[in-house]
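What follows is a set of structures to go through.
Next come two complexes built around chain A: one with chain B, the other with chain C.
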Partner chain A sequence: MAAIATLKDLYETLSPGLPGVGAAGLDRLRADGYARFLAEGVPTPKVEGWKYTNLRDLAGISLAPARSAANSDGAPSAWDLPSVAPGKTHRLVFVDGVFNAALSAVGPLPEGVALDSLRGLIDASPAYAAEVLDRFPAPKADSGLRVGPNPGRGQTQGLVALNGAFLAEGAVLTVGEGVNLAQPVEVVFVATAADGTWHPRLLIDVAPGARVTVAEHHVSRGGGATFANIVTAIRVGEGATLRHAKFQEEAETALHLASITATVAASATYETFVLTTGARLARTDVQVRLEGSNASTRVSGAYGVDGNRHADFTSLIDHVSPNCTSREVVKGVIDGHGRAVFQGKIIVRPDAQKTDGHQLNRALLLSDTAEIDAKPELEIYADDVKCSHGATAGELDEDALFYLRARGIPADTARALLIAAFLDEVAEEIGDPALRAHATSRIQDRIGRLTGITVDAADLAVEE
Partner chain B sequence: MLEIKNLHATVDGKEILKGINLTINPGEVHAIMGPNGSGKSTLSYVLAGRDGYEVTGGSVTFQGKDLLAMEAEERAAEGVFLAFQYPVEIPGVSNTTFLKTALNAVRKHRGLPELDAMQFLKLIRAKAKSLNMNDDMIKRAVNVGFSGGEKKRNDILQMAMLEPGFAILDETDSGLDIDALKLVADGVNSLRGPERSMLVITHYQRLLSYIVPDHVHVLAYGKIVRSGGKELALELEAKGYAEFGSPEAA
Partner chain C sequence: MAATEQTVEQVRAVTEQKYKYGFTTEIESDLAPKGLNEDIVRFISAKKGEPEWLLEWRLQAYRHWLTMEEPTWAMVDFPKIDYQDSHYYSAPKAAKDKPQSLDEVDPELLKTYEKLGIPLKEQAILAGVAGAGDMPAIAVDAVFDSVSVATTFKKKLEEKGIIFCSISEAVREHPELVRKYMGSVVPYSDNYYATLNCAVFTDGSFVYIPKGVRCPMELSTYFRINASNTGQFERTLIIADEGSYVSYLEGCTAPMRDENQLHAAVVELVAMDDATIKYSTVQNWYPGDENGKGGIYNFVTKRGACRGRNSKISWTQVETGSAITWKYPSCILQGDNSVGEFYSVAITNNYQQADTGTKMIHIGKNTRSTIVAKGISAGKAQSTYRGLVRILPKAEGARNHTQCDSLLIGDKCGAHTVPYIESRNRTARVEHEATTAKISEDQLFYCRARGLSQEDAVGLIVNGFCREVLKELPMEFAVEAQKLVAISLEGSVG
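Moving on to the complex of A and B:
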């Protein structure tokens, strides 16, 4: 409880200085977040959804937003920040959780499109900012319908509540009805401090019939033991399409916890891809609610963990309405004492007839001490549905390895090729070409650092 | 070219090869025939350098070098090629990536310049055409969705690209119908030459009607028990392997 007592002091000290204080809507959202966090706290392994990911490391970290002096690698101009389409995106850049206008670049936007930093929006109109924030339903603590021994103990939303208590930084994208935003939107989070905590909120509101691509990048440029607690809230209106990807490549000393919640209306499409190759502990919770009929979602993820690192991909796909489709593919490579967690739940509610839901999780274990905990779950209450899930964990195929070596390919190159091929299949899940190409190149880069071998990404293309 | 002396090898602690002696000169094609379980595939894996096959005695010299001291990839680079009984499917790795990586690794080892993408494509297209393989097959993932005959032709394509000095064909006829067998044999025959030796491992005489050997050896229970010319294959086809005894007798 020591951490929480400290937090109370910090909250009381910090909250009067947050932007837009006094605006009724914002005050209410923050007070509510703080109260809910006090009630729920940091999730512990006693909570079902957190059984495999222990946040004990948070005990030594201040949960309130703060940062030490920047510890960055040279000048911002030399950071070489990632982009899915360099020079051709609308970008908001955040340094240690704080919006940085100088590094950001937003081009002329079509009518009906707005892209702002949350702080900027609050400064301009706290009431409007609160109204936008209110459009997004909070993630549900009770993830399923099942009445079990501990109903409602599945997921805890304490971290989302904590993020709400300190609402200030983040990005807000609204795309008006029928607008097709050709250039991708990017938000880039750069960790430079030796340590620090930030709670950014990303809001993406895609109106009916609109189309947009959004990429999140999380990187370190000299950053150390930083803690990012990111909440992304998404609405995809009727017939709209959002293609979203998150590339988490922070330093191996960072802590990264993220919640992505998307509500998808009738005939709309939401795609998301999550790359997890950085941080010593990273978890992304994805909740997709297929609210209208004929909605569809694709959720995919790739991760690579080694050393003593930990990566957790937890998802909930909630089929509320009939004729919706969902497809989830998550693959990862675990080396050293690395540990990965996959928890994937599909709920098919009683009205969601003709649901088509598929889920696949595959893990490649490169060492005897690597570990994967996989927990696929189907909870089906409708009778006319097609659902499947599969989970495998295995080692590199010895036959394939020998076949490659017998053709003169050195063992380490052969391993790199097989790992690249294994992960590249996930990138094939990504619909947007720019996101897919970036995912492939980041995967190759990570494998290059893991094995010391660079595989030419263009070479890997397989024609079916 | 290849000299095997008193070669002993074990798999999972069990002795499979019990003293093999064999000399293959440049340009010669030798066939090894024998009953199931005689050690034919073990011999091919031992020569190619597969992990899990422990050599407990004897020596293998290839072009004057100690073959057994080399890793599998080094043997391939030196010019030893194994055509697999069951070529492996590798999802996600295209044939072109696989072969370009292999060819350039081998060329580098042999002190030759690496080929760029254009040079490589030109070469593979020419070689594939002679094996009646289309562009589609060379772009697909290695052996994925290939028929038995296509897999074997793909192996022969690899052999044509890597230009080994010594090739081992391990039960290349298994799983092939007669048309596929002819295609594969034609591919192999086109690669015969005065500087290239081959070891053809087979259970049946059938293959040897298409790939005609200079010498035939019978391997039974870990030893070469008889050697002769190509007529020995016909004799074996007629009489079977019964006269070479059973594992208990060996």
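Moving on to the complex of A and C:
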């Protein structure tokens, strides 16, 4: 990344022009983010949580806001943007980090539901926007209990702080008590610029007893060396349910770093699925805090990397209260010189008795130059718990390949089928049918591009 | 169920005992002044009558150590160690002129080892004296504070060409072997504690098994820290030449003292083509009292190099002692088809902390490794498994299977698992499983319903939990280890 001095110039140039400047709450948030970023900086592999993902590529990235340009992918109206239920969702579309009203479509919303762009909210009422932002406190730098002599052992929130320093745009969804929002909400980020950065912030506040499904899409339409530094903050109220998915399918030149933090209240459910098939370097940090008793979460992820690409899925599931359950399944396929990272940690705090926590991570290596680095971690301070994790790495099962070939299926089709079956198991973790169907189709699309073979979903169906 | 009865009997037999090795031996000792500097390094080297190259090596390590920082990544917490507040050399006075035979060993020392149950009476065993006859022969190198005080069965081993002696003696008698291999597995710059050891190591054991020889008896070193305010820094070097086999046991105890004592050892193993080294440890250093006062800081670097084709190194450890354990016995699987194994039981009670595990570095083709780690936490203890499995690009067909299980007894303790898995070969298969649970009420109820006390039931269940590891231990050790498992958990239930 450009030197800190350049960043200082950038900050001083940009901050007076950010929306809502002068509103005390917003000024404080940004100044605090800037100060924390200066203190923490960009994480380096010396920080335990970034051991396997090196952000030196950031050096060549422009931190200036992206400038959208007309591009080879034609007019925005002709873009075929992804959707989990075309025409049947409430969607906000952002082009190079900036809200685009023309591409967005928000239908009539039931009472108690609000969906706005963050900038729109700030423009309408900076004080209210600041109040909403304040409902989501920044995650702590070190999440573990045993803060030893070396704080670098944990994560670092430098990137979240950077997002805060330039806070201007994003999406805000609030769902009122007991509301069941039938239509999914979608937030679509389209990269078109040759370079530049955006720091969107997505806030999802689901009140007690409410139900909602939210999909995030990140795609490129001609975009170049762009950098998306996204922060998603979620609150799931008592007895509420949020089903969330993030589909990251940006161009192979993009850099994508995302942090998702969710606080889950008693008897509430939070599900999230992360698809990582795009970007040169992508990392998603998922932190779920099971704060109330009987809360539950499902975290799942699928990735496919090839070429020189790098995908990192890092998660922390924090069992704070008793009787909570968590289940995590992350699987991926690595080809070419691709490299994938999985870091998953489950913390069970002293009061979190009767915790049930399970985690599974599997990686499939397709080439001789692929690499997987995995670190499944348990940190447990309560005794009456059931926790387990499993991790595997290896190639396609020779016996299974032989079996398929013996039935007359060509070798490359057999391989494609096995890969599809391998990844499809993750899609099966998704509770929401629309999200699940979309995930399956995107996974198949990716496998098609990876292997040159199109696998039909029907081939995978198990006959009952 | 004879086996069960036996176990229960053992558990009962030991439940009354606390740390029974906590006594001190009143013996005059030769002590270096407190503190650490180049003069102390020279002092130790001079005491040992070492050649120039070894002194240079020590000094190189010492100078490097000054530039290093103490590692802080382990999940252990302890006040900063004052490295100047310790004696780096302590030797029983009588050992000044090293005894030529056991008859010349200070009777106080022999008594100490007798109390510890370590057989230093080779004559009795060799002569087939009544009562000693059933005991399998074990050759022992006894290390008391900084020096080796006795090595048994040397003659018998020499007949086969096996060298088993203290490392000081090896430096004098077999400098070419020591120079060739020492530091070749754990280089002097390896890590903070290993580097410190290189500078100030005092003694330890040396083993060389020649080509094609199967060592006829178990070799063993018994470490004892006796003097107060001393650190113990020993080095062990075991070389198994082509086609040879050796099984080596290591045991350790220390008196009960209020202050913390540092034990920073280095163990290097080298296995050539078709050679096998089996290394077993029962670590029972003084763990500190129930309030966390005192105890040994056990910061140990153990590493084995499977240099040759089809070589095998197997680590088995039962870690019940020490206030803090920081220890990762590892295997570098360089030779094609070489095998690395790590079987571990780590039990922590009261305020003990253990951060232990292994590294398996797969370099050669078809290399295989197995890791079975069982961690048990009770009281206010923290136990962490930390491991690395790394598959390098050329390790075609490498295999690893890892199983880590943790058992929690009580709600004030912690059990953690931190495995790192790095694979860069498509054909390699790596599998890792970990579970954490408590002793199930059903199991306890079942045992209680059959008349076992709560404590006996827990001892029985825990021994069952550790069985996969304990069965890897040589017979004599296995029995001792089972008792230890129960003693270590004393007072943790009810």
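Everything that follows uses one rule, which is that the second predicted complex is superposed on the first by the 444 of 464 C-alpha atoms of A that agree within 3 Å, B and C clash if a C-alpha of one lies under 4 Å from a C-alpha of the other, contacts with A are read in each partner's own complex, and residues count from 1 in each chain.
Rule of thumb we're sticking to: a residue touches a chain if its C-beta (ideal position, glycine included) is under 8 Å from a C-beta of that chain, and two chains touch if they have at least 3 such contacts.
Only a predicted model underlies this, so the values are computations on that prediction, with no experimental measurement involved.
Partner contacting the larger number of chain A residues, of chain B and chain C: C.
Legend: residue contacts after superposition of the two complexes on their common chain; A:E371 is shown touching chain C, with no touch to chain B. In the overlay built on the shared chain, the residue A:C387 is in contact with chain C alone; chain B does not reach it.
Once the two complexes are laid over each other on the shared chain, residue contacts for A:R407 go to chain B alone; chain C is not touched.
Touch criterion not met for A:S441: it reaches neither chain B nor chain C. The residues of chain B lying in touch with chain A in their complex are 48-51, 71-73, 76-77, 81-82, 84, 87-94, 96-103, 105-106, 109, 136, 139-142, 158, 162. Touching chain C in their complex are the following residues of chain A: 48, 145-146, 148-150, 153, 350, 353, 363, 365-395.
Considering their complex, residues 397-400, 402-411, 413-414, 417-418, 420-422, 424-425, 456, 459-464 of chain A touch chain B. Partner chain A is touched in their complex by these residues of chain C: 72-77, 382, 391, 393, 406, 408-438.
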